[in-house]
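Letters are used for the chains, namely A, B, C, D and E, taken in the order the chains are written, and counting of residues starts over at 1 for each.
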């Protein structure tokens, strides 16, 4: 699978996986609410419909923002190890990845800024504040993992987890896994922390002025982001995967647990979300630091 | 050249009375006459300065009427005394030149007598002679402080008078005791016999002389009169008073102390007194609303610094004191002249309203004066400050240096408050007397040029060599060069 | 003989100082200053005094030939002369101050002078 | 509203696979913008939740006109609310439809004789589907929406084309009763 | 020429001199051509003088000259800021620290040498006293009370110079002293000030995030970046040092460019408050583009240079396994994302305000420095080998290949792939149905009719309210206002006490006289 074609179509595959997760996710949520829910490929249909509709724009920054969002999300896909081959690897690609994760939100934020709509600005400010909130525990976990495995490249992290279920980091570093999972809910904007989309409060936040193909682009960005988040969790804590099927199933299991949690939770306010992220998971991660790394962290 | 030494003292003495009489009708005549006399005085002192600096052993002894030193009274000018002489006459001439035309002939007469007393004090080598000139100095400054005859000046002058007379009495007792012990009045001879004095005798004489000179020099417990007298006096007088009069008293006391009381206990006492003077006057000065009073406190503070510098036995200490003296003379003179005239013009001495009528030259003068007073790097004040700290640390008084820090910062704050208000004011800037403008520009020019002269003279390298200095000790070199190894 | 002179001068100095500090009226202070001055002059004179010798007036009969062994130490005499003159100068100026003080403050009570402080 | 021709007219000529694919997508994913006024608004939650569950057919409620395909007007309109409806309608993007809900949108319904009620909604904005009933039940709402799907499948021209063709007529009607539109 | 051989004194001096000269030239070009008329001549002369002082400061190894030039720089900064009331805290804080440096200088001279290298040999306390002004001038925690006043109060023409060069003088000082005296630096000193710098970085980020004024926000952002560089320089780790210097260069470029744009806007509209600015992109497209590039670089997002230097610094911290410290700086890094976005959103992209009429695009010469800084920062991002070698040479390390194979080669690939993806997105965007450009007024308003004066329909005031509310106690605690109030009352009390000494009564003064004689006698007896 390591041919040039694979490299070119990797974003597309990731998009499809992401779309399938969204489809299955909405169906699971419907089932939880004791209703049938839309067909599995509904998100795919939505994207096609959106790309075929008319759209309005507020200026070249609005367009540029959307391009950056799409390109940024696609770029992330190249850095996350896909099943068994690590596409663009270097010595410390985990650290570089954390920077690249920031391109797409920046693009979307820039586009929204020119949307000249107060709802959009409120949405983006909430998104950035939430990001500030969950980045603290996220960074603690990633630093913990890097120091625990001694190197900041995915290859070493994956190889450290080979050899049976027992070796997975989810069992060797359970505290980090819990904190990372906790952060993933906010990272993917799922229900308890979807303060930035918040349809009832700020009319779908940043997306308020996006219509037609712009909204389509953001849907693709969202799908790629789902894929990236789940893939990262799998690589960090479930030892990657040998084949595509195993990779997909592991990712879906993570997604499934996440969907079930988020389907039954109510939305919090931004301040409470940030406060919660700065206290509970940080304490957990700190205990994790002390437990796994000892005194050399100071 | 000896004749010049005598002339420098005698000329203003006689001229004082002549100009008073000349000025009875209209005071323009006396002002011109006084200006001429002071100018010649300045030229004479510059000639003496040149001669002494160029001569081999850097000293001249002028003898009166043929009697050789042990018996006769003599004038003794070494390199330090000559510097004091030069700057004393410079400041005297400058403050007179910047005086308003409205001052009466009484003012001009007294200024001349003051200059005569100053020159006499700096040069005299005989201890009773010092007492006589000291008395003239006190009396004339009482009169000058009381010049305006208003309530404030009279009150200040009364306090100054009472404290001054007690001090002079103490001084006379001290001199009497010294004469009883040694039988001679010549400084050099007393210095040779001083080591044999008993501990108790030394302490008594030291105490008496300390009070005698301390009141006039403004050392801590005795300088209460200073903060009333300087603001009450007209601004040329207060410039003279805080610029040179208290410094000369300090110089005299330290000259006697380094001759008679050489053992370290006394220098420790003086160091302590200097620190306390500096600390108290800076702290109290921080809260002053009245501008001239604020400057008076800053003068007392600088006196404390000079006292600390001069009381250190090493050459660097001496040189630091000298630099601090020159810097204070120029900066304080400039500040008092500009601030005094500004507050006279605007009629109010409060810090917020005194600079209503600040002209451009006032602003430049206050800025230059303030920055050099605080020791901003290019100025001599900075060199003095650095040398003082190095001298203190080299002499082992690290604790004293540490104590200095908070108070120097306090002084920086309240002086910059004064400078800031002047710069911020949008005064109309009409100029009352042209002489003052000339003096301000000349002093600012000197403040800017002098550091270059001093540093060039001491490093003797063609350009400012920045990558470390070939001469092992940049500062020690400066000190020895200027003092030419004099014992003071 | 000298000792009682010293005692007298110290007494006078003490009286002068006490007078300065205890009196409230400025003129009284001036008087005590002159007492102090005289005490100091006495001290100065008594230093030069030698028992049984003559005053150093060189043109007097007794000292016409040679005054080597017969005269007291002349130097303090000279000093005291100038000291007295200076004391006079101080006193004169003090009195003029007193006059002006009376004009400005209507009283010569020194404790009234409280305006300049801090 | 700008005068540029909407995409659907342009797309009409090329009956290519892309057009069919787009229509198929448009048919199966319809996003609604509920203009909840009058008594009809209460009928919508049952259609969305477990019993009738409109999401089965690909319908989804949307918060902004920019993202919506269908404008659902659920009851009587007064002068003030008509101005907002027109404003929201013009914000929506080209292939857009309007569903009139209940009799109030057809002829003013129960309040036809009030001085302020709008009696014929289609004079002011093109309405594609009317759902009869003085507040129709969820089943009727569902059939109405499925009717939209049928129209898209049969490629029938939507109301927005009519709005563009007779734009001046609509605007003139609107200005008759509203001062500034 | 004297100046040249002075700059080439040693590598470190060369690095800093080149940067300072570069900055000064660019800043002066901008100030001259940006149409700010009043007070330019005096400002330029003084900043020229300041630059000369700094060049000499970088070159000298003699501690007395170093101290003299350092104090001259402090005084010049005080004069250039020409706001005595606001910069008095700065003055007395740096004077206090400089006197401790003078003590250190005096003790080193007493020890026998004038060389900076010998400062640490006297004793560790001497080194710390010598380094105190460096800490004060960088605004690290115990001494960050002066930062708020000086940055906001100072003259707008000087604020760029202040934050790009003067704010970072402490970093040069630390480098100069630490590089010359390896191994003599006490461990506890490094530990305390790394963590203090970390807390300062987070504090400054919170202040920047919560500020309502562009200049204030930029100033606090530079304080947090300076704290980060300060900590990484203090760490004395190879890659952290290189990262520190490259970030020094980066930060200077960023702040120079951003301040130029903001000062230009201030010159034209007279205000830099976020709520009075908006949608300047329509009038100043090019300056927005460069401002955006610099903003991205400040936030540390890949294509631009910021990521390279931040990455090296993080690498250094992780190597030294100082996780808690690097965590603080990561939080500051994410915080920088927030205030960069705030700057972009509220100045260039928000809704039109009346101030839009006063602004027009900078003339070509004024925008030149801004463009140059943006492009250089981009160059650092894409091809950073020359810059890394330049920094390594300054530190005296012969660096042909940075130890890690991450870095310039790798980021180059990242930028290339990113470019390709952007191209794909643009092509797809063009193929899809056409879009229509819509004017300002036609926006979704939740069915409420738009008010006539549309500019109030904008959300650019109190932008990050929840986070500011959360961090309020933390920010107020470390801004040390409570300490300043306590100190003011304390000094006033002492003052009242001492003023009593000169209470004006003659008797008291007489008593003082007598007490001196008694004191001297008592001292003599006591010491016998």
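The criterion applied here is as follows: contacts are C-beta pairs under 8 Å (C-beta built on N, C-alpha and C of every residue); 3 or more make two chains touch, one makes a residue touch a chain.
Because the structure is predicted, anything quoted here is derived from the model rather than measured.
Visitor: Could you give the fewest steps needed to travel from chain A to chain C through chains in contact?
Guide: Minimum number of steps from chain A to chain C: 2.
Visitor: Which one of the chains is farthest from chain E, going by Cα centres?
Guide: Chain centre farthest from chain E's centre: C.
Visitor: Tell me, please, which two chains come out on top when C-beta pairs in contact are counted per chain pair.
Guide: Chains A-E share more contact pairs than any other pair.
Visitor: Which one chain sits nearest the middle, judging by mean Cα positions?
Guide: Ranked by how close its C-alpha centre lies to the overall one, first comes E.
Visitor: Using mean Cα positions as chain centres, tell me which chain lies farthest from chain A.
Guide: Centroid comparison gives C as the farthest chain from chain A.
Visitor: Can you give the whole-Å distance between the Cα centres of chain A and chain B?
Guide: From the centre of chain A to the centre of chain B is 78 Å.
Visitor: With chain centres defined as C-alpha means, what is the inter-centre distance between chain D and chain E in Å?
Guide: Distance between chain centres: 57 Å.
Visitor: State, to the nearest whole Å, the distance from the C-alpha centre of chain B to the C-alpha centre of chain E.
Guide: Here chain B and chain E have centroids separated by 45 Å.
Visitor: Cα centroid separation between chain B and chain C, in whole Å?
Guide: Their C-alpha centroids are separated by 29 Å.
Visitor: Residue numbers in chain D touching 2 or more other chains?
Guide: Within chain D, residues 7, 64, 66 contact more than one other chain.
Visitor: Using the touch rule from the top of the page, what residues of chain C touch 2 or more other chains?
Guide: Within chain C, the residues that touch at least two other chains are 17, 20, 110, 113, 115-116, 118.
Visitor: Counting only residues that touch at least two other chains, what does the list for chain E look like?
Guide: Residue numbers touching two or more other chains: 433-434, 436, 442, 444, 499, 502, 504, 506, 510.
Visitor: Mind listing each pair of touching chains for me?
Guide: Touching chain pairs, listed by label, are A-D, A-E, B-C, B-E, C-E, D-E.
Visitor: Tell me, which parts of chain E touch chain C in their complex?
Guide: Of all residues in chain E, those touching chain C are 499, 502-507, 510-511, 514.
Visitor: Please give the residue numbers of chain E that touch chain A in the complex, ascending.
Guide: Counting only chain E, the residues touching chain A are 279, 281-282, 288, 292, 296, 299-302, 307, 311, 314-315, 318, 321-324, 326-327, 330-331, 334-335, 337-338, 341, 344-345, 349-351, 404-406, 410-411, 413-414, 417-418, 421-422, 424-426, 429, 432-438, 440, 442-444, 446, 457-460, 463-464, 466-467, 469-470.
Visitor: Can you check the complex and tell me which residues of chain D touch chain A?
Guide: Interface residues on chain D, with respect to chain A: 6-7, 21-22, 24-26, 28-29, 49-51, 53, 55-56, 58, 60, 62-64, 66-67, 69, 93-95.
Visitor: Residues of chain C touching chain B in their complex?
Guide: Touching chain B: residues 13, 16-17, 20, 26, 29, 33, 36-37, 40, 43-44, 47, 75-76, 79, 82-83, 86, 89-90, 93-94, 97, 100-101, 103-105, 110, 113, 115-116, 118 of chain C.
Visitor: Show me the residue ranges of chain B that touch chain C in the complex, using the header's touch definition.
Guide: So the residues of chain B in touch with chain C come to 128, 132, 135, 139, 142-143, 146, 149-152, 154-159, 161-162, 165-166, 168-169, 172-173, 175-176, 179-180, 185, 227-228, 232, 284, 287-288.
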